[in-house]
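Here the chain labels run A, B, C, D and E in written order, and each chain numbers its own residues starting at 1.
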Amino acid sequence: ADKVKIGFVSTLSGPSSALGVDIRDGFLLSVKLHGGKLGGLPAEVLVSDDQFKPEVARQLFERNVKRDHVDFMTGVVFSNIMLAALPEAIDNKTIYLSPNAAPSSMAGKDCNPLFFAVSWPNDAYHEAAGAFANQRGLKSVYLVAPNYQAGKDSLAGFKRTFKGQVIGENYTKLGQLDYAAELAEIRAAKPQVLYAFLPGGMGINFIKQFVGAGLGKETMLLLPGFSADQDVIGPVGPAMAGLFNTAHWSPDFANPANQRFVAEFQKEYKRMPTLYASQGYDTAELINAAVRDTKGKLEDQEAVRRALRSAKFDSVRGPFRFNKNQYPIQSYYVRTIGSDGKGGLVNKSFNEPILKDHGDAYVQQCMMPK
Amino acid sequence: MLQVRGLCCGYGRSQVLFGMDLDIGPGEIVGLLGRNGMGKTTLVRSVMGLIRPTAGEIVFGGRPIGAMAPHRVARQGIALVPEGRQVFGNLSVLEHLTAFRRAGAGGAQPWTPERLFELFPRLAERRSHMGGQLSGGEQQMLAIARALVTNPQLLILDEATEGLAPLVREEVWKVLARVRQAGHAMLVIDKYVQRLIGVADRHVIIEKGRPVWSGTSQQLDADRGLWARYLGL
Amino acid sequence: MSGLLVFEQALNGFQLGFMLFLLAAGLTLVFGVMDMINLAHGSLYMVGAFLAAWLTRVSGSFLLGALGAVLLTALFGMLLESSLLRTLYARDHLSQVLATFALILILNDGVKMVFGNDLPLSVPAALDGPVQILPGLVYSSWRLLIIGVGLVIALLLYLLVQKTRIGALVRAGAANREMSSAMGVNVGRLFTLVFGLGAALCAVAGSLLGPLLAVQVGMGENILILAFVVVVIGGIGSIRGALIGALLVGTVDTLGRTLLQQLLRDALPPQWASAAGPALASISVYLLMVVMLVFRPQGLFPVRS
Amino acid sequence: MTAARAAAIGALLAALALPWALQAAGADFYLGVASRILIYAVAATSLNLLLGYGGMISLGHAAFFGLGAYASAILLSEGVRSAPVHLLVIAVAVGVVALAIGAVSLRTRGVYFIMITLAFAQMLFYLANSMKGYGGDEGLAVRTRVLLPGGFDLHQPATLYYCALAVLVLVMLLLHRFSGSRFGRAVQALRDDEVRAEAIGLPVFASKLVVFVVAGVLCGVAGGLSANLQGYVSPNLLHWTQSGTLLVMVILGGVGTLWGGVLGAVALLLMQELLSAHTEYHEFWIGWVLLAVVLFARHGLGGALASLAGRRTAR
Amino acid sequence: MTHVPLLQVTGLNKRFGGLQATDRVDLQVAAGEIHALIGPNGAGKTTLVAQIAGQLASDSGTVHFDGSDITRMATHLRARRGLVRSFQVTRLFKSMTVLEHLALALQAAGGRTFSAWRPVRADTALFGRAEGLLARLGLADKSGWGIEQLSHGEQRALEVGMALAGSPKLVLLDEPLAGMGLQESEAMSSLIDGLRGEVAVLLIEHDVDAVFRLADTVSVLVNGHVVASGRPEDVRRDSAVVDAYLGTGQEAQ
């Protein structure tokens, strides 16, 4: 091939767009740092906005795959949107690299040779959080998640590792912004730790209102990494200081790839990168490696796949490899939010991972051909 | 007081008035007669500024009002009892009389809600009813009262006795006589010509948008040929 | 379930209710009184919130920011009314729907062009924390403030519309614009003022809710539907109805999310409860409206006969 | 009349030739876009029947679209592919739901009707969200498509296109005949004044209910086609914003004009397709176009076209 | 006149909140007669008409028409049986021409509403009859006009014409002469006069001259209750009626 063509569909408008924008910026940063090329071929990235609607995502996939004949599809933030659009790629023999959504179904029985999760399996953060609660000797937990599949998966993940007692569970409306009623219930339940899986704006509001209601004194709030990332710290403000969260990446990781990424990202976009940005960046790095390793012969999809599976590149998260279901095996860390020394707040990771070289619980159900 | 000269207007492409003239002096009562659809209401509406004349001029109290917005025309001292009543369905009877009340040129005895309730006891009984809940005749009374409470210099009544019971109708004619004594000018459109002759000083007959006859009550009363020719009797 | 929890949930319901009221009041005025379906009402709320956030940042004071937002939004509303919306009064509801829908699209993208996708806005430090309102019950002071402001505005509005001459004139203008102007009322200016008032209320709601929720593009759409529900339940054009309707909707929504789920969990097997609970919570408000309309098709306090 | 008929026939011929033209131009992809436009033209026309002719402003019409789509998708996921079965199930399912919603909603008028239809649609929306067995909030993807009699498979883009075209032509014919029929006149009369219509002896409630159910079923058929085009259904199809979009199409195209629904669907979807490729702010520009239509084309695009042709519109 | 009345109203009541709008109304209209109903403004005449025609549900009492109890019957079914009303405030269809109004009224009377395929225009008989009626109403030259082009008086004529179109057995005319000029009043009066014997008319009218000229029977409603009923000459002299309604003033043109 004389160039590499990538269809990038993500949520770039509306209330949930911050995540998609970060993934896009991370991805494009990598392309830029490679001089507009990936694996030596000029890269053409077709960016489009799914408007947070599965139908639209599906149409955009169809357009990228059938009209533009792209080599790779990537970009989608949310699992429900990705699951709706994915068949358009897979049915038309196009590889999809997921920079974020990694639902458990695709890790298990629905695993697919053309699907790669470059991020982290859906349950992993929550399993790590459960393990952390054990480590701290916490006995009672209250769980909150939106009423949709990823929400249920996440709480299942937490319960898988947590050894104490779940004294309450609340499934809120997807996209809900006011949590007064739920917080009142939590206060009445008096849990030691509150674990809230609330991505995007939902998390921001929840945390703000948690603080406003004065719950922080009685209950420890534990969060998955994406709910305590730079995009949340900004709007919520100082109240975030000292909160714990779990993630597979942190801006303070010392590996050279990460140092470069964080520095370049700040230079380019004048803000701290988030988890999402790191995932977008890694996705482009992975494509770069695969195209390079196949010497640009993108026509041979089998070879491209093999190159992707072996994933020879320096990820900003440190060492990682693909499991047989093409989901990552990697380490997870506890992070805590502290001062960045310039009046702002930033995540800092504990040195020891809470889960080391961790895969996922579904890989056994995956019948992937080699 | 009111001068209409060469007035032309209409709706969209259809012209209704073709050079209409009309004069009303201070304290004068003029009857406007003509068959259905001859343009009486259209004349009234253009005086009120509700439709724009295409030609001609309208002068009230020395000021041209042909291009004025309706609310400014009204504030010059013209009040209208419109065809078909048009009371406000979501205002109470009392609100009709308080919201639009103006000092105006009421003379020695300005109209107040209290005086109007004396005039129409039926309305007093219904004072807190909404306009939309009134019977047809009650609405008609309200429309007259609403116009009077602005204490206008010129009162225009477009079929103001339509739908009134005979007793009340008599009452209205009496009111008109009283209003006249107070010095208001009036333009009255009504189908009870005999009554109108009793009240008005002069009359204008309109046919196809043009004035075709004008004269005093005596002249109109005497010339039954006119009635036959222009009013269809 | 303890008494304190029920009380706290009632407060939560009221707080939501008063917020809805601020939006519904403007909507019901414009809609019931001026007979104009304004889908862009939610966009005014968004504009108000963005202005509040921006002005707060520029001035460094939330109070100044909020006041400025109220003023500017009112001005913006009046500008909108006198440049565009007034040509729509004489048109049918459908033209109004299309035009104000177009406004939503334009304002959403327009705000995004000017301010970006979202702006930070925080509760002023003094009111950030909780306060003790009863022994054993602490409550967010900001939410208390919202309840207070809502109450005061409700009272003022009720007096304005029901008890003043202006209120009567506005209603008259709505019922029959032509006749009102023939009665000497400058209907155009009156409507512009009313619209400005509605916009100002939107900005009040935006400034109060912005710090609690989020100041972001598209924030108006969902709350718009709830505001419409409130207006319809209360009876179109009725301020009293809007208040009662808003409190009702706020309470039902809060109960649906908490008490109802609790009851279901006690009454049904867990997998049923976890399936039915959230679904019922989401539709409780709509259910309320349907039941309401079946039994009182004109809303609680019908204004027109 | 003749000019209108000539235009209609011309449009039909162009539509028939479109697949060949696209193939020749190597732009097959756009056939899917064209099918989507046809499907939404059917849906918008069904709403126009309800709204423009019957005077019932429904903000819940997308519920029927979604219902039809789900009916078809669920049948497909259960392995049923026969077109007549799909048609029958859609008609019965949507018909029954529309009958129930209509029987309650039609007791209210005006804005209250708008809101009660919205409420019902939102309830169905949340119901679809909690249908775990059929995808819940994630929606339901299907791999197979409906088989038409004669072995035509809707998986074939051209087959689906022609099928949608046939449905649209049928619906247009129906609407055309309806508007001049006894029933059509009665319905238009009750749109203007129900009390009056009833007073001269027209069965107002029954007429409205019939129109409501028929419009619902037609929209359901469009939904079924959409499920076959997309191979995917989700609760979003039932969301009120979808109903709003249908409404906007009708108003844009011309309320109560024969071609209103079609023109609106074509214009809105084409604008989205073309503008979204060029600017992030496409809704901004669409907004201005809609505004211009409200201000300068009183009866929508249909009205504007008709007055260009120098004739009076139906309204 | 027949002995069984065409319309028999017994003990009909309607309350609006604190107001008894109609109060134990008894009223009979014989087939073919012109029965005038007069009374002061707000007496309850329009309310009674709405109760008889079915727009308003009665609180109590019964309405019998043409041998059957129609108290709870739907409005359109009453109309189909030949009981039709006109409205005091004109109600017409803004999207239809004058001729189409009458054709529609004829069509409604004929049933078969749900025929949705055959163009109604093809029904030349229907339109022929509509045109005939148009001529009788004096609107022949306005056949293709929209209603917004008609003057008030012309609209009133059409309003009444709509009620008459379907050859009803009984028409309830609520102030058919209101807003009409002298000539049109005259024409309308003779139109109503011509119905005598053919169609029964319940006529509400404040034009007392016309009432006494036209009516076979006059009933007087005061405060929702029938206070007098009988031949015009008798009612006219009834002192209660004079005090409550007629007054002593001379009505003339």
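We take it that contacts are C-beta pairs under 8 Å (C-beta built on N, C-alpha and C of every residue); 3 or more make two chains touch, one makes a residue touch a chain.
This is a predicted model, so every value here is computed, not measured.
Note on connectivity: the fewest steps through touching chains from chain B to chain C is 1. Listing every chain that touches chain C and chain E alike gives B, D.
Of all chains, A has its CA centroid at the greatest distance from the CA centroid of chain E. Of all chains, the one whose mean C-alpha position sits at the greatest distance from that of chain D is B. Rounded to whole angstrom units, the spacing between the C-alpha centres of chain A and chain B is 77.
Remark: chain B and chain E have CA centroids separated by 29 Å (rounded to whole angstrom).
Each chain gets a centre from the mean of its Cα atoms; for chain A and chain D, those two points are 38 Å apart. Across the assembly, chain C contributes residues 112, 278, 282 that each touch 2 or more other chains. Along chain B, residues 133 each make contact with two or more other chains.
Per the contact rule defined earlier, chains pair up in contact as A-C, A-D, B-C, B-E, C-D, D-E. Per the touch definition, chain C reaches chain D in the complex via residues 31, 37, 84, 87-88, 91, 93-95, 97-99, 101-106, 108-110, 112-113, 221, 225, 228-229, 232, 236, 275-276, 278-279, 282-283, 286-287, 289-290, 293-294, 297-299. Contact residues on chain D toward chain E in their complex (touch as defined above): 177-178, 180-186, 188-189, 191-193, 195-205, 207, 210, 314-315. Residues of chain B that touch chain C in their complex: 48-50, 69-71, 73-75, 79-80, 82, 86, 88-91, 95, 98-100, 102, 130-133, 146, 150.
Interface residues of chain A facing chain C in the complex, by the touch rule stated above, are 13-15, 17-18, 21, 147, 170-173, 175, 177-178, 180-182, 184-185, 187-188, 201, 204-205, 208-209, 211-214, 234-235, 237. The touching residues of chain E, counted against chain D in their complex, run 53-55, 74-77, 79-80, 84-85, 87, 91-96, 100, 103-105, 107-109, 112-121, 162-163, 165-166.
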